[in-house]
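Take a look at this one; I'll ask things after.
For clarity, chains are labelled A, B and C in written order, and residue numbers in each chain start from 1.
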Amino acid sequence: MLRYIVKRLAIAVFVIFGTSALTFFLLSLTPGDTAVIIIKRAFVGDIEYNPSIVEVKATKDLLGLGNPLYIQYLQWLINALHGDFGRSYVTGRPVLDEILPRLNATIELAIVAAAFSLLVAIPLGVVSAVRQNSGIDYLSMAIATFFVAMPNFWVALILILIFSLYLDLLPATGYGGIEHLILPVITLGAGMAAITMRLTRSSVLEVLRLDYVRTARAKGLDERRIILRHVLKNAMIPVITVVGLQLAHLLAGTVIVETIFAWPGIGKLLIDSVNARDIPVIQGCVFFIAIIVSLVTLITDVIYRFLDPRIKYE
Amino acid sequence: MTLLSIQNLRVHFLTEDGIVKAVNDVDLVIDEGDTLGLIGETGCGKTVLGLSILRLLPKNARIEGKILYRGKDLLKISEEEMRKIRGKEIAMIFQNALTSLNPVLTIGTQLSEPFELHHGLKKKNAIQKVIEMLKLVQIPSPSERVREYPHEFSGGMRQRAMIAMGLACKPFLIIADEPTKGLDVTIQAQIIDLMRELTKSSMSSMLLITHDLSLATELCDNIAVMYAGEIIEYGSIKELFKNPKHPYTQGLLDSHPSRGLKPMHGISPSLINLPEGCKFHPRCALAMKVCKNKRPQMVEIEKKHFVRCFLYDYD
Amino acid sequence: MNKIILFKNFNEIAECWFRQRTKHFSKQKTLVIGLIMIFGLIFMAIFAPYITPYDPVEVNLRNNLLPPSWEHPFGTDNLGRDVFTRVIYATRIDLLAGFLVVGISMTIGLLIGIIAGYYSGKMDKILVGMIDTFLALPDIILALVIVSSLGPGIYNAIVSLSLFGWVKYARVSRSLTLSVKEKEFIEAIKAIGASDFYIITRHIVPNIIAPILTLAALHIGHAILSLAALGFLGLGVQPPMPEWGAMLNEGRAFLRVGWWLSVFPGLMIMTTVLAFNLLSDGLRDIFDPRVREEVIK
């Protein structure tokens, strides 16, 4: 098991570097002279400013902008590993200072949304499977089918419409107490809950048909014990994998949700910097997002292997 | 003393392809201490019969008839009462030990459940009992094995574990469904020896469901031959081998390697489209006109030897 | 044998009989509903000018922010444009863009995946490494990166989504190709001198196309959601072109005074994605071997 973790860590590192290299390359395609942009935005702070040729050359030499692309990337990488991600074109502050405080907010949102989603989806999925074709089964399946197709930004707007504007129960934007957390969490978690619920249901249905459930019944076990002890662990195995993938997409969802609810997280930072063409910040954000996604995938993979004793001891 | 009496049992399944008539009008009696063999081809309904005793059939099953056990009709009692009987007074040993054991629970956990449930033991004490049971079924190093998972056991060991699980609470009736299927011949022999020992030493009755005649001869006192959901012959093991009366039983014996491996004509009928009259008549060399239209009744031709065939039914 | 006794009531006999007769049809229920919805959407897209009474881009400030009524079933937006008309016209863009993204992704993915699977070797390993890297991040993030360097606009959005969309097709077609390649009949055909091209086109592709198509159907839904998301963030289609996501973004500012600006375009997105999801479910039901109700023998 330990060897597996180490192997996955190595892969994760490779993936993070790969993604940041890819991003670096893609961002370098931005039209316009990077040196000029930097002078205008970061150094001088005036878009209208017209830098002289001397200034441009000096900047190029200073920042190594004349070097081939891969050298520039390596330079960035080395700096990054020392904690220097450059400075924002917009605020001039170090990128790390922009990102780190916002990381908290995003992680908070993501974790609560994931927890909410699992706490709703898994019990509902189990109940639907156990009471197959009942009223609650049809209802939850129908709701899930619709939610899977709903864009999360629409869900957000509807929620704001109902709970903020008409009912005036919850704030539409902002960051602070629990009341600010509720709507964003529901928005972010609903889609994932729908998918997880359907998967849980089908997984439990699959397991219920298997021979060993019949054996458990033949021993005289009651339904509750059968579900909790015999079915659940087995049924969760395929669900975990998908939940891991979902969590990665949850992060993508934060981009939109944070924008709508003015939640000060990495997602919003990413959008703002995309709109402002703040390349160092974009690069930094993607880097951290890649780290988070890789870690999440790794943890879910390990949990998956942990659950299934057939793989655990390989 | 009669332990279990099955009367007029009918089990039908509602499926997309039609109604599967797995068990049709079966009467069967199992006495105390008796080992009854239920012989038949794959797909003749014998496993369904076994499962219906414990009411372990899927939701699309429709059951009719009576299964009398100790004065109670098992088909009529509540689910809660049934659960008290399952595993404790009537236990079942299933075919495929690999799929019949839960892959994510240790052998110890699974085998201790009957003890925890029916004898009220705490886990620690139950595990002790499990170790004893594992010793009984001749699994080596049982105290280490209890912590292992099913996939770490060999095929033969798994089957022994299943047997141990069935015998745990010393049930009055054991239903064994093809307990040696899929095992190597040498392992089969070991399991047969084990089962013979265990049934001799305990007072329990056994319903052995199998298609393997040699297995039946090793373990059973009486045999019931099943075809297309019906019992077509019943008698003691000696009687049946000496004097098989039903053409199907004769064919079954003849197709055995020791008797010449003579195959039977035709294939067993689909349980959805059963033939009219005697279910065996399309394949029977001795079929008469009456066999096509009327269903023969069970007739006692000799003491405790019954046949369902118009060759012996003089009405 | 008296059947009636064994059934809980007459309904069960009828149901069993009915299910037998309609076994084939009920399997395709989801597929049919999905297809009907999709054809409806395509119809709307093609005949948009004929089924909508107004012009989608003409500004008419005197009629701005009118609630839904007979003249304007979905109301009007802040520039007085009829929302219903815009929603229908937006169908063209979102549907077409969705098809394009999936078409391009599927083609690239199939090509790369089949070649990687068929000619496995060093090339294959590099590709797998690349694929895993691409799969690490959600497609929107990477699309944002591309948009930030190349600028917003519908074409850039399509390009960026296709650029990362091909990966899952490549993965699936690669593993499927690998398993088909192992089968014996490939050896047999090679023995009679078939060329690689022949084998690939005549034998591998038909065998792997089914799950790929199911994947594609699901992907169209995702692609439309992603496109709408990009539009919502202002990075996709640019005004005044109508696009569902962009319309939602415009409606956001007027949520208090005009709920219809945001509700209806979102409803359309949901309906469209639902249609393709149903299609995908239906295809999967057809292509996978049906698991019947177990009958224990």
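One rule holds in what follows: contacts are C-beta pairs under 8 Å (C-beta built on N, C-alpha and C of every residue); 3 or more make two chains touch, one makes a residue touch a chain.
On a predicted model such as this, the values are computed, not experimentally measured, just so you know.
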- request: Specify the chain most distant from subunit A by Cα centroid.
  value: B
Query: Counting contact pairs per chain pair, which pair wins?
result: A-C
Message: With centres defined as the mean C-alpha position, give me the subunit A-subunit C separation in Å.
response: 22
Query: Approximately how many whole Å separate the CA-defined centres of subunit A and subunit B?
result: 54
Message: Based only on mean CA positions, could you tell me how far subunit B sits from subunit C in angstrom?
response: 51
- prompt: So which stretches of subunit A touch two or more other chains?
  reply: none
- request: For subunit C, jot down the residues that touch at least 2 other chains.
  value: 294
Task: Would you mind listing the residues of subunit B that make contact with two or more other chains?
output: none
Message: If we count contacts the way the header does, which residues on subunit A are in touch with subunit C in the complex?
response: 11, 14-16, 18-19, 22-23, 26-31, 145-146, 148-151, 153-154, 157-158, 160-161, 165, 209, 248-249, 251-252, 255-256, 259-260, 270-271, 273-275, 277, 279, 282, 286, 289-290, 293-294, 297
- line: Note: in the complex, subunit B contacts subunit A through residues 54, 56, 83-88, 91-92, 94, 96, 99-105, 113-114, 117-118, 149, 151, 165
Message: If we count contacts the way the header does, which residues on subunit A are in touch with subunit B in the complex?
response: 210-212, 214-222, 229-230, 233-234, 307-310
- prompt: Within the complex, which stretch of subunit C touches subunit A?
  reply: 129-130, 132-133, 136-142, 144-151, 221, 225, 228-229, 232-235, 245, 248, 251-252, 255-256, 259, 262-263, 265-266, 269-271, 273-274, 277, 294
